[in-house]
Amino acid sequence: MQFLQALVDGILLGGVYAVISIGLTLVFGVVSIVNFAQAEFLMVGMFVAYFAWKLLGLDPLLGSLLSFAVAFVLGVLTQKYLINRVLKAPAVAQIFLTVGLLIVMENLALILFGSEFRSVQTPYQMTALAIGPILLSAPYLLAFVVASIAGLALWWVLKKTWWGMAVRATAQDPMAARLSGISTHRVHQLAFGLGVGMTALGGGIILPYLTASTTVGAQFSVLMFTAVVLGGLGSVIGAVVGGVAVGVIQSLSSLVLPMQLQNLALFAIFILVLAVRPEGLLKRAG
Amino acid sequence: MTLNRQLLPWALLLAAAAGAPWLMEDQGYGIRVMTLVLLFAAMGQSWNIVGGLANQISLGHAAFFGLGAYTSTLLLMRYGISPWLGIVAAMAVAGLAGALLSLPTMRLRGHYFALATLAFGEVLRAIANTWASVTGGPVGVSIPFSEGLAQMQFKSSIPYYYLMLGAALATSVVFALISRSRLGYRLRAVKANPQAAEVIGVDTARTRILAAVISAALMGACGTLYAQFIYFFDPDTVFSLVGISVRVALICIIGGVGTVAGPLIGALVIIPLEEVFNDWLSGHTAGASQLAFGLILIAIILIEPRGLSALWTRLRNLRGRQHA
Amino acid sequence: MPDILKVSRVQRRFGGLKAVDDVSFNVAKGDILGLIGPNGAGKTTLFNLLVGLYRGNSGRIELDGQDISRLRPHQIAALGMTKTFQNVALFPEMTVLDNVLVGGLLRHGVDRARQLARDNLDRVGLSAIAGKPAGELSFPEQARVELARALCTDPKVFLLDEVMAALNESEMDAMLDLIRALRDESGITFIVVEHHMRAIMRLCNRILVLSFGQKIAEGSPAEIASDPTVIEVYLGKSMEQVEVPA
C-alpha cells in the first residue's frame, strides 16, 4: 500500500522532472553542448511565477506560461550572443561558459531577490484527490497535468510544425539540414529557447509545493542530469522516460533508504548508466 | 648541469616565498591572502594531474576536498586523533573515492566527464547536508581551538603560511615528478590516443585510476589543511561547486594547464583578485563578488574561446618569449 | 620452425556483417606472412582481433603457446605482439622522441626507454627529427615513427598495417631491407598487410589471402601467384606482370 502510494507520487513527480529535463536534452541534442546552467533557468521560472502570483495574483500554474515566455527570450539571447561563440571551441571553453553563466545567474538572482525563501499560497495546496486508498496530492497532480500538457504541446511543435521539423532535422544531421536551406543559427536559438523555456515552466508549476530560493537550481541539477542520461542525452522521449524513472526511483527509495542514501542511489544509477551505456537506456529517438 | 639551471628560478622563488611573511603584518590581511594563494596553488596542482596530464576536466574535485576536511576533522573531534595523522586518513579516504569514481568514468570525455564529476561533488554535498549525525549537517563543524604544532593549530599567521607553502611545494614536486615519470608519459599518451597507447603496452585503465587516486588524495590533504586553517566549515563550503571545484579548475586553466607553474600563476592571479572583489563589492551585497567572478569568466572565454592557455600564449607572445 | 602464432576459427561480426569469418592459420617463428585482400576484406579487423582491440565472437588465438583470445591489448603487447595503425596513430603533440619513448616504457624505466627510443629512431633513419612534434611530420615519416615506437616494445610478432603506403621506390626498398634485418637480427616474426604486390612478393615467405572476411588461399608467393581463385577475386591480370622470386 505504501508502495503503491509511493509509486503514484513518484509518477506525478516524475512527470514534472520529465518536463524539466526535456529542456536539457533538447539543447544537447540540437546544439550539442551540455548546458550546465540549465537548472538556473528553473530558478528563473520559479521566480517569474512567484512574482506573477504576488503582483498579479496569477496562479503559478498559469504563471508558468509566463515563465516559459521569459525564459524563451532569455534563451534565444543567450544562444545568440554567448553559446554561439563557443560552438567551435574546445570542450573546455564550452563547459566553462555555461558554468560561468550558472554563476552569473545564481548570484544575480541572489543580489536581486535576496536569500529568503518564498512560498506561494494557493487554494488547492493542502487538498488531495482520493482514488481508493491512494491520495493524489493536488499540487502534485495539477503540476503533473500541466507538465503533460506542456510536454504534448512540445511534441506537437516538434512533430507538426515546420520549425519543429527543422529542429529535429538539425539534431539528426546538421549538414544535411543546412544544405536543405535550414538556418542552423535560427534552429539553435529556437532549440535553446524552447529548452530553457520548458525547464522554466517546470519551475513555475512546482511552486505550489516547493519554496522558491536562489539555490533551488542545485537541488534539481543532479536529478535533471540523471533523467537525461537515463533516457539518452538528446532524446526527448528519453527525457520523459528518464524523468518519470527518476521520480519513481526517488519516491520508492525514500521508503527503504534513509535520506542521505537516496541521493547516493540516484547518483549510482546515473554513473552506472553513463559508464555502461552513455547513449542511454533507450535507443536514440532522434 | 641543465637541471641546476632549470631549478635556479624555482629556488629563488622559494626563497622569496619563504621570506615574504616576515615582511607582512602578522594576522594581517596580506598574509592571509598569501596563505590562501598557496593553499589554492596546492589544490590546483592536485587538479592538474587529472586535468592537465590526463586532460579530463573534473568539475567535482570539491568531493575529495570535502571528504578530506570531514575525515580529519571528525577523527580529531571524535577520537582526538592529531590532524597530522588525520591528514593521512584524509588522503586515504579521498584517494579511495578517486579510484571509485574513476572506474565508471574512465572512458568519458569532455562534457560527459565534467557532468559525471560535477554530479559526484553535488551528491556528496547533499549527503553531507542530510547526514547530520555524522557530519553535523548544514550547520557545519567547528574545531575547538587548541594551539600547538601537534594540533596543527596556531595563533600566529606565520606557521599557517609555512604550512601552506609546504603544501604548495609538495604538490608541485609531486606533479613535476609525475610529469617526468612513466606515469606522466603514459598519461599524455592515453590523452592523445588511448587505443594506440594500449597497443604498445600502456594499461590505460590502471594509468587513469592511478592518476585519479593521486589527484584525489592530494586534494583530500588540502581539505584537511583548510579545515585546520579556518576552524569552521559546512558542506556547502567544502563541497562547493563554484567555490572549490570550478575555482580550482580555473586556477589551473588560467595559469596554464599541464605545467608546473600553471597553478601557481593561476592562484597568484585569481585569489588576490577575488579578495579585492570581495572587499570592494560584498560590503554591499552578498553574491556580488561571485557575480563579478562569473562575468569575468564568461568574458575571458568569449575573448579567447580556444582556451585560456591560448590566451596566455597570445599574451606571452606579445611580451616576447623569455623561456625557450 | 615452431609455430609462434596459432589462429583458429576466429570470427568477428558487426551487426549482421561477418567482418572476419571462420579464419584459421598458423605462423611459424621467423615467418614474414603477407596478408592481402581487397579493401574491406577484413585485414585490419583481423589485426585488431590479434592485438586485442576487438574481442572475437568465437575462435581462439594462441601466442607462443598462450591463449590470448580474451586479453586486453596492453597484456598482449606485454606478451610480445603489437601492431601499427593503418592511418598512423601517433601522439601528435608529443615530440617524435617522446612518442617512441612511450613504447619502451612497457619493459623499461624512462631513461632506458629514452635510450632505446634513440636507438630505434636511428634504425628507421629518423634521428634528425627526434625533437619535432609528431603532428608536423609527413605521412611516411609518421609511419616510420610508429614503427620505431612499436619496436621499442620488443615484440615477438609484429603486425604491420600498410607501412609502405605513400612510399617511393627507394623508400620502399629501405623498408623491405629494414623488415628483413629485424627478422634476421632480432628474430621478429612479421605479418604484413600491403597493397604493393611487388613488395609482398619480394618480402614474404608465405601469403594469406582474405576476401569478404574469409580465407580463400594460403601458400608461398609462387603458389598464390598461380592460384586461380586469388587471381579471379583479387589480382586480375596484374598478377601475370609480377615477377615471383624462385
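As written, the chains take the letters A, B and C, and residue 1 is the first residue of each chain.
In this section, a contact is a pair of C-beta atoms (placed from the backbone, for glycine too) under 8 Å apart; a residue touches a chain by one contact, two chains touch by 3 or more.
Bear in mind that the values here come from a model prediction, so they are computed numbers and not experimental data.
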{"item": "By count of C-beta pairs in contact, the leading pair of chains", "value": "A-B"}
{"item": "Most centrally placed chain - per-chain CA mean versus overall CA mean", "value": "B"}
{"item": "Length of the line joining the C-alpha centres of chain A and chain C, rounded to whole Å", "value": "51"}
{"item": "Chain B and chain C, separation of their C-alpha mean positions in angstrom", "value": "45"}
{"item": "Where chain A and chain B are represented by their mean Cα positions, the distance between them in whole Å", "value": "32"}
{"item": "Chain A residues touching chain B - in the complex, by the definition given at the top", "value": "33-34, 36, 82, 85-86, 88-97, 99-104, 106-108, 110-111, 115, 218, 221-222, 225-226, 229, 259-261, 263-264, 266-267, 270-272, 274-276, 278"}
{"item": "Touching residues on chain B, where the partner in the complex is chain A", "value": "57, 59, 101, 103-112, 114-116, 118-120, 122-123, 126-127, 130-131, 241-242, 246, 249-250, 253, 285-288, 290-291, 293-295, 297-298, 301-302, 305-308"}
{"item": "Residues on chain C engaged by chain B in the complex (per definition of touch)", "value": "51-53, 72-74, 77-78, 82-83, 85, 89-94, 98, 101-103, 105-107, 109-110, 149-150, 152-153"}
{"item": "Chain C partner contacts - residues on chain B that touch it in the complex", "value": "180-182, 185-186, 188-189, 192-193, 195-204"}
